[in-house]
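Report on one structure; see the data block that follows.
So that you can tell them apart, the chains are marked A, B, C and D in the order they are listed, and the count of residues begins at 1 in each.
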Amino acid sequence: MPKILSIPEAVAKVQSGNTVMIGGFMTCGAPVNLIAELARRGVHDLTLISNDTGVQGDGVGMLISADAVTKLIASHIGTNPETGRRMIDGRLSVELVPQGTLAERIRCGGAGLGGVLTPTGVGTIAAEGKQEFVIDGRAYLLETPLRADIALIKAWKADRRGNLVYRRSARNFNPVMAMAADLVIAEVEEIVDVGELDPDQIMTPGIFVDVLTRSVSTDD
Amino acid sequence: MPKILSIPEAVAKVQSGNTVMIGGFMTCGAPVNLIAELARRGVHDLTLISNDTGVQGDGVGMLISADAVTKLIASHIGTNPETGRRMIDGRLSVELVPQGTLAERIRCGGAGLGGVLTPTGVGTIAAEGKQEFVIDGRAYLLETPLRADIALIKAWKADRRGNLVYRRSARNFNPVMAMAADLVIAEVEEIVDVGELDPDQIMTPGIFVDVLTRSVSTDD
Amino acid sequence: MTDEQKRIIIAQRIAQELSDGDVVNLGIGLPTMVASYIPPGIEVIFQSENGFLGLGPAPAPGDEDPDVVNAGGQPVTILPGGACFDSALSFAIIRGGHVDVTVLGALEVDAWGNLASWMIPGKMVPGMGGAMDLVVGARKVIVGTSHTTKDGKPKLLRQCRLPLTAAREVDLVVTELGVFKVDHGSLVLLEKHPDYTVDQIRVVTEAPMEAAPELKDMVLPV
Amino acid sequence: MTDEQKRIIIAQRIAQELSDGDVVNLGIGLPTMVASYIPPGIEVIFQSENGFLGLGPAPAPGDEDPDVVNAGGQPVTILPGGACFDSALSFAIIRGGHVDVTVLGALEVDAWGNLASWMIPGKMVPGMGGAMDLVVGARKVIVGTSHTTKDGKPKLLRQCRLPLTAAREVDLVVTELGVFKVDHGSLVLLEKHPDYTVDQIRVVTEAPMEAAPELKDMVLPV
């Protein structure tokens, strides 16, 4: 059973130097209250794995502005000019990964796979340093797994066992990240009793989730 | 939009010599009415990809008994002694694949991936003829994609766009097979109007489905 | 032509490439405009790479749902019959050949079907996002772009000079001056703007270019 | 001891290896019996590899749901808080190290932690099903088996002779005669049946075997 903690209690589990995955596509489906608290707390030297860096001052962008991140693995940073400036200044090391490859690499990390072969990026600079394979006449790159110490994810509803349901396009990277970290903290809008969620409608089984926290604090 | 056809009309699309994927775990989640009609029709020389061969005379077992299959790719055949007899007789060529590897190979076929690296089977006869890779000190086998001409799958509900919802453990291999065949025929218990299924609860998007057919025929 | 007139010509012409039932992914910017010009009688299904099928128009002001945004982060709607999924399935759809047509913009495109659309070294490095997967995975790749840069330099090149989004994947290039099929090192002009001659178009095209025997005039928006 | 008595000793002893909150996958046959002996105060979550968590007991006659079966195809139930998924996610859970303990039977197991459980060439080739993934992926692999074959031949070997299910993955072997930790080519006897001496057990064990300094008697079922 996951622990139910307040936002500050949950965020206290993140240490400087950790590798952290954060769900969301810009601010949609991002655990913005966990991120805001993390930015406020003043951790540093994080390796961050996320699709993008939000916008300046919102979503994951709060961590960039707070100088918390020294290494970033993402598919897109164009929506936050602060990220680009820090990359050019040399204050932030950035590994850009095609979005579908990023999803598969995280999935591999969670699913015990040693890598996947993808055609994406063949013949581009995304192929640099990677092994290339030709299978049935088509070229593929070997892409290796990504894992994190901690994943911060966002769901719509949880039950007390940590089973999660996401809403609309807020699902995005959250389900794969929930599988690929040693400690998984889920920010949710509502926590319901065990049995209230239909087993068929659960998108992330509760066994992946270590900590539940509410977006808006209420009495437990 | 998928076509809505009767069971015989749907099954008429399968030709002798085709590679066919069939969903289900024994008879649970198997499209048993499609299978029964296919066995009755007398096709032959099928390459069959399925988790198992059902039981003797039921599920996929009907196709084995009907002499329709010459090559089988499956994870388990122990529940149908007829399959083992035909394999020993040399009438049926069988490739046994670990169940998780079977799911990943089909997923690769549907997801445009050239293969995955799995630790499953390393040091066993399942590794024979496969490339082995060591990544971060752990050994993995390269497993390649599986695709089919036709997938026969089973769902609980569909809407008229072919969006599918499965029930309980009847989901199993159906969602990955729905992605990995040139033609996908789904046997469903009920067809509802567009808009009746919540977009978050759809497990297989309708764009994968070419033909819908009802388990029990009713007026359309 | 104003920039807006060019964009309308391009978007409207690309819309005519779509067939009933196609699954279509539109890139950000000009490609998004294609949705406004789908011919009557044609129904296509738009995929949004951040995780759903059945992308609909922007909601009425006040009706925005923060959980329903497009790949540009803007509020949109999900049409009846739409379906939501995670990023892994979204790119399985894209990479697996389940998207019939993708439409993308270009910094450069060349006569071999190479596309450069995601970075200018030292200047603009936004990241490739989902573009590399889309160009590799979609069955048909259409590039929609102004024929030249703002400075009047050709964008349809002999060989791309900027870092590629994907190699040899582009099928069709649509600009305000014409419709070009990529054909192994040459761009075949299938249709041209009625006010321009083939030679006038050739002057602003770096790529080897030939007029198709059945060359037609583009039907311009009314 | 009757076969049934042996099976009860084994299942009950294995159940004591489980900790509160463990995610557990039980193989078909003897391992399934472990579920009946979970100690009071311990709650574990059973995973069924055909696609759900929260596997519960068999339903009352007449309450069977054809869509709810275990990996052996038998009717079972899903407990409140359970979750269903497809085979890809099921084996992502198994292979990805999210199952704390798996319990499997054996044809042979050896002092290096090799397990043979899925085929006898020329005789029995049922296929490996999910067993290869489970043995590789679960954090702790417990083998539960009768100490010898029906003919009295050892099943705990120096080196497996049958085709392997997985190499060097078994952590613990529980038989009706004892509990053995796999330790690089040797089986360390941690607990023994109180009615048998170490030497009596050694006689029916082919694998190199040593008694742990803290060797204890197994607590037998009442």
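As a convention for this text, a contact is a pair of C-beta atoms (placed from the backbone, for glycine too) under 8 Å apart; a residue touches a chain by one contact, two chains touch by 3 or more.
On a predicted model such as this, the values are computed, not experimentally measured, just so you know.
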Most remote chain, CA-based centroid, reference being subunit C: D
Whole-Å gap separating subunit C and subunit D, where each centre is the average of the chain's CA atoms: 56
Centroid distance [mean C-alpha coordinates] between subunit C and subunit A, Å: 29
Inter-chain centre distance, subunit A versus subunit D - centres from mean C-alpha coordinates, in Å: 35
Touching two or more other chains - residues of subunit B: 104, 107, 112-113, 118-119, 166-168, 171, 199-200
Residues of subunit D whose C-beta touches two or more other chains: 52, 78, 84-85, 91-92, 94-95, 136-137
Interchain contacts, given as pairs of chains that touch: A-B, A-C, A-D, B-C, B-D
Residues of subunit A that touch subunit D when the two form their complex: 1, 107, 110-113, 159-161, 163, 179, 194-195, 199-200, 202, 205-208
Contact set on subunit D toward subunit B in their complex: 48-52, 65-69, 71, 73, 78, 84-88, 90-92, 94-95, 114, 124-133, 136-137, 163-168
Subunit A-facing residues of subunit B, complex: 104, 108, 112-119, 133, 135, 138, 140, 142, 144, 165-168, 171, 199-201
Subunit A contact footprint on subunit D (complex, rising order): 21, 23, 45, 52-54, 78, 80-85, 91-98, 136-137
For the subunit B and subunit D complex, residues of the former touching the latter: 25-29, 51-52, 55, 74-79, 84, 87, 96, 98-104, 107, 118-126, 156, 166-176, 203
